[in-house]
Amino acid sequence: MIWDLDLLILLLVVSCALAAITVKDLLSATVIFGVYSFLMCLLWAEMGAVDVAFTEATVGAGVSTVLFIAAILHTSRRSKD
Amino acid sequence: MKALALVATLVTGAILLYGTMDFPAFGDPNAPAAVHLSNNYIEQAVAETHVPNLVTAVLGDYRGYDTMFETVVIYCAGLAVVSVLRRSKS
Amino acid sequence: MSYQSSIWPLAAVLISLLGALPILASDRRPNLRESWTILIAFGKVVIVASMLPTVLNGGGFVFTIAEVIPNVPIQLRVDAMGMFFALVASILWLFTSLYSIGYMRALDEHDQTRYFASFAVAISATLGVAFSANLLTLYLFYEMLSLSTYPLVTHHQDAEARTSGRKYLTYILGTSIGFALPAMLITYQLAGTLDFTQGGILAASGADASTLALILVLFIFGFAKAGIMPFHGWLPAAMVAPTPVSSFLHGVAVVKVGVFSILRVIFHIFGPDLLLQVHLGTVITTLASATILIASLVALTQDNLKRRLAYSTIGQLSYMVLGAGMLTAVGMTGGLLHIAMHAFGKITLFFCAGAIYVAAGKKYISQMDGLGKRMPITYLAFFFGSLSIIGMPPFGGFISKWNLATGAIESGQLILLLVLLVSSLLNALYFFPIVYRGFFMPAAEGEPDGIKEAPLFCLIPLSITALCSLGLFFWPGLFLRLARMAVGL
Amino acid sequence: MTTSNLHMYVLAAPLLTALFVNMLGRVSRSYVAPLVLGALGFSTLASLGVLSRVLDQGSYSYTVGNWAPPMGIELIIDPLSALMLVLISSVALLASFSALPMVAKEQAGKEHLFFTLYLILIAGLMGLVMTGDAFNLYVLLEITSITTYGLIAMGKGRAPLASFNYIIMGSIGACFYLLGVGYLYILTGSLNMADIAQILPQLGGDAAMATALCFILVGLWIKMALFPLHGWLPNAYSLAPTGAGLLVAPLMTKVTIYLMVRVMFSIFGADYLFVQNPLVQSGMVWLATAAIICASCLALAQRNLKRMLTYIIIAEVGYMVGGVWLANSTGLSGAILHIVNDALMTLCLFLAAAAIAYRVGSLDFDNLQGLYKRMPITMAAFTVGAFSMIGIPPTAGFFSKWYLILGGIEAGHWEYVVALLFSSLINAILFFRIIAIAYFRKEGDHARLQREEAPLIMQGPLILTAATLIVIGLGSGPLVRGIIKLALPVGF
Amino acid sequence: MEQFLAIIIAKYNYWLYVVLMMIGFYAMIGKRNLVKKLIGMNIFQTAIILMFVSAGAKYGAKIPILNKHEVLEHGVRAAQVVNPLPHVLMLTAIVVSVSVTGVALAILQRIYREYGTLEEDEILEKLGR
Amino acid sequence: MKLLQERTEKQKFGESLIIQTAVRMMVPFIQLFGLYVIVHGHYSPGGGFQGGVILGASFVLLALAFDLRTSVRYMSERVNNTLGNVGVLIYTGVAVLCALFGGLFLDYSALDAIIPLGPIAWRSFGIFLVEVGVGLAVMSIMVSLFWDLGSGGEMDEGL
């Protein structure tokens, strides 16, 4: 484990999380959330949790995002906050 | 409302941070979590189940009961989506 | 006293409770339904009477239904005090059943099946209270009585009935849950049991005087059916019910269940000795005296006959509590005896009020001028009843008042004697005008001529009860003996 | 340790049947009813067997997959969990009789989906009461939640919105619980409750332990809708499809309270909770008092039968939480007895509400007029349930209230005693208002009203439940002595 | 400086997990858009997963996939392998989280069908009418 | 060329020939990889859940590149549903079977009574069985989730 790489990714993750909940466009928020998940999965892989990382890559960054997008396409893209 | 939410968040975060004071350091191989149960898994799982992927061994066998319900959870989710979203035929 | 295990107490309680079922089932056949009613009432008297010899010989019966809380079973027990009350209630129920049939048929009331079924449940609860072996069982039947009388009070199902029903339940349920239940729980916590024991159960608990005073006041107000002021307001309100209900339930069963419960608490939970020791008798007598005087004064102002009787009842009920509060054996005997004497007198008065309503359709005293000439039997019975209540010899009321007065002197509280005398005077003041108007005032103009006596079904019971209150002066032996046994004389 | 699998069959029957209901119910809806009733009937019988076995031979621990406890997942079958199993399966069986016609009416074409979720919810609840593993509890909690989300969202109108609120609150609750478990895991390295309980006192780490306790409890409180965290419950339970409400309302909060008891005494121990932190203990009794009083007052403001009942449920949660935190055996046995009684009382009232909804449609107070004439049997059973809620002997509610109040007196928490009495009075007002409305009629209705009872399949369980309330009331002595006293945690 | 760094290294990802959890929690209770609430929920859950995975990490350890024959012959030193238990738990947690997300999204679509918006205040406004 | 242009114009938003062709070619490989992940869960990262998600993702990919109807043509809703049920049934069935054959719940070694492979080998094989079940269930549910969320619940009315 390389702690400074960890820290760097963690900071990125935090900024992604902040962005995901502040962006007004829901589609962008969802995509940013996908990026967040992917960074998270990198972090976990780097901590030795390969299975969790694999799952998060397929679920968090993959299926979740797709489901979010599918739902947003059927509802509305805009968000007031 | 937002102010209240912020206060609630900050309080929760503060309590959680207070709780981390007692935690063992990150990556400490002598932390309780690293010595109590997991050692048994690491040392015995392969011999007891013949599965080299420890995660699979623990997931499928030692904690198979959890995994069964995990499967049921996702099954329920699928059913719930169908039952919520579909309009009934009649 | 030795108790033998027996099913009879349960049978006495259950006969009318289960009897409600055939009454409900014969909804569409009034004759069958009323035969059931009379049959059950008669059966009940027989069962109660069959237990009498054993009780008079110093024995008793006991039956445990279920053990619900450690040391507190739901248990029925027949002792002298319970027998005394059960005898009064079941005999008077027989008369009331007859009277109800006449009254309800004459007025062609709706929903008579519900009426008779609720009545049967109510009398079952009354006997349950009489035969309760402990406070929990008593509370159970007490609540059962409150709830089963609700349909009776609101029988007419109009706006007035709704308001009165609400008031009735608010007072009765509110006080029993708010005061009696916590008092019972504190008692249980202190004593570890709730059994009615001669000499009381709280004496051994070592509770201090203030706690005891709190429990006592909670109990007295908690059993609001006894109508101790300021929790008396439900009784005049409940007078919207049909008259048999008022006469039996609010002249005899319901109100006396309240008094009986208070008496049970004073005799068998606290015990007179403990109350004397911590000087709590005055609490009881003060409350009771105040209620007697205020209620008698209010009764003077009422024009509605049933409401006047209701306030009279409130006053009379406190006599019984007063007697118990004297904490002398004679006073307590008088208090207990007054349950029976007042019951016979008051039920006569209510029967008469109902008969007047059935025959003449009148509710207000001011309209009743000259009625006595047309309904002589009814008015004579009314006269007898009022004399008994006032406490004139040769009527039963005299005996209990005599005992009360003796008790007051014996306990050295002469002020109580004064209260008794003043209230007797007030009783006379609010009863005599009614009789006077009936016999000696000319009828108002434009009065229809067709008024005559009420139907026989009404007339016979009221004559019998009137004669009973006369007879009780000469032969009070049975009740006197039971009452003396109950207080341990 | 034992090799008896009986309790596993109790759980497996609804779980497996759920799959068949989904597969076969798609083909023809006539398969649904026999499958559901058969599975639940089997579960009820088997759970009775489990209970009698536990009472006979003492409690036992069961290891799923035959791995010794801290390694594998341990199930604890003691008198308390066996009692809960009986309660869950019998309540579910009774509720499903009534749910079948309701679902056919409200969710035509979706019966198989509804009952699949319904059965899995029951299996989840059964799993919850047996588990002795902190993380397994989380998974099962999520199963029950996710099925409940789905069931509630199947309702009409505002139901999805209520369900979404429930999802957010429920997820916060579950996440908090998981956070607490995580803290415990980091501290002790174990997930087995008994194992954790053994390790915890040896650790110095008080901050993390307190945090874990705090988060686990808050998580469970959100799930059980303890007063300040109750916001999601009234809408969710009152807008849910009637069939779902029948199952969810009697069981969910009660099982969560059971979980709180389990977590409190199996993980943290009475000593840590009550002796070392007396301030927390009395604070909790005050919170429960506030819950009882506020929820009772809120119930007064409702104009719909079902909504009123939901607020009463919240008040009852206050009863039980307070009873548990009184820290004496009387209060605790009162709380456990009240779990049983309250489940049955709520079931009785909701069954009656379902029967009324089946005939009348709306449950607003204005529509209830003259119901005693129209549906006398339903209303009679409703009255019994109402009396039990008020606490009138000999119905069951009186006796649990008796123990709770007695516990309050014993512990010297008079505020709790007053709150219980106050809430009884409020309940009396609430129910007699309804009874009065249903007893009196509209002007001119006297002649028109005809008897029109709900179908027999809905009336049967209703009558049975009402009778059970009285039987349990009269039998509460043996129940407390024979089962609940045995079910109290060690040290009480 | 050295000490300070040591403290940071020892606890930093517990701190950052708290930060992430706070972000998610705030979005769940403070944001008025329902989709945002859901995103917040997912962030909350990943934060918890991060905590668990951190708890299982060991410095200089291998991933928990061993060589069967080697282990059966020579055994394995526990300190050299990452703790697999938190991973197992978190797999379950991920599944739960995606399930809840799925159900919530379906309910969102129902809400949108009903009210035509996903803003909490607008929905409440419509309900008030 | 003109034909191609016409076809491009007729295409709905987001559909492109290149992507469609690529997806058509990729899907079998994705599915193969998914199966590999399920089966090889004993020896490498992955297992039933991840493999199931990948299998499901292949159908989702089809649905994204073409439309939902195409993916339904590959696997009808009824089949999908049955697979999901069967998947969960395998897991719970194995669990109950263990109990029925005299062991404890989920004690795979009890299945030794059916085919004697040895208790430890049965543990390994039992894990494999349930992983397959999980894979089937997860694939089916993922597909169904996407169908329903992607169509707004209009599955029955021809998408």
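The chains carry the letters A, B, C, D, E and F, assigned in the order they are written, with residues numbered from 1 in each.
Convention: a residue touches a chain if its C-beta (ideal position, glycine included) is under 8 Å from a C-beta of that chain, and two chains touch if they have at least 3 such contacts.
The structure displayed is predicted, hence computed values, not measured ones.
The minimum number of touch steps separating chain B from chain C is 2. With respect to chain B, maximal separation of chain centres occurs for C (centres as means of Cα atoms).
Centrality by C-alpha centroid: the chain sitting nearest the overall protein C-alpha mean is D.
Among the other chains, the CA centroid farthest from that of chain A is the one of C. The distance from the centre of chain D to the centre of chain F, with each centre set as the mean of the Cα atoms, comes to 37 Å. Remark: chain B and chain D have CA centroids separated by 26 Å (rounded to whole angstrom).
Within chain B, the positions touching two or more other chains are listed as 16, 20, 23, 27, 31, 33-35, 37-38, 41, 47, 50, 52-53, 55-57, 59, 61, 63-67, 70, 72-78, 80-82, 84-86, 89. Counting only residues that touch two or more partner chains, chain E has 9, 12-13, 19, 21, 25-26, 29, 54-59, 61, 63-65, 68, 85-87, 89, 91-92, 95-96, 98-100, 102-103, 105-110. For chain F in complex with chain A, the touching residues are 45-47, 49-50, 53-54, 56-57, 60, 64, 142, 145-146, 149-150, 152. Residue ranges on chain E touching chain B, taken from their complex, read 9-15, 18-19, 21-22, 25-26, 29-30, 54-59, 61, 64-68, 71-72, 75-76, 78-79, 81, 83-89, 91-92, 95-96, 98-100, 102-103, 105-107, 109-110.
The part of chain D that touches chain B in the complex is made up of residues 15, 22, 64-65, 67, 70-73, 107-110, 113-114, 116-117, 120, 123-124, 127, 133, 135-136, 139-140, 142-143, 146-147, 149-151, 153-154, 160, 179, 183, 185-191, 199, 204-212, 214-215.
Considering their complex, residues 9, 12-13, 16, 19-20, 23-24, 26-27, 31-33, 35-36, 38-40, 42-43, 46, 49-50, 53-54, 56-65, 82, 86-87, 90-91, 94-95, 98, 101-102, 105-106, 108-109, 112, 117-119 of chain E touch chain A. Every residue of chain F that touches chain E in the complex is listed here, in rising order: 43-45, 49, 145, 148-149, 152-153.
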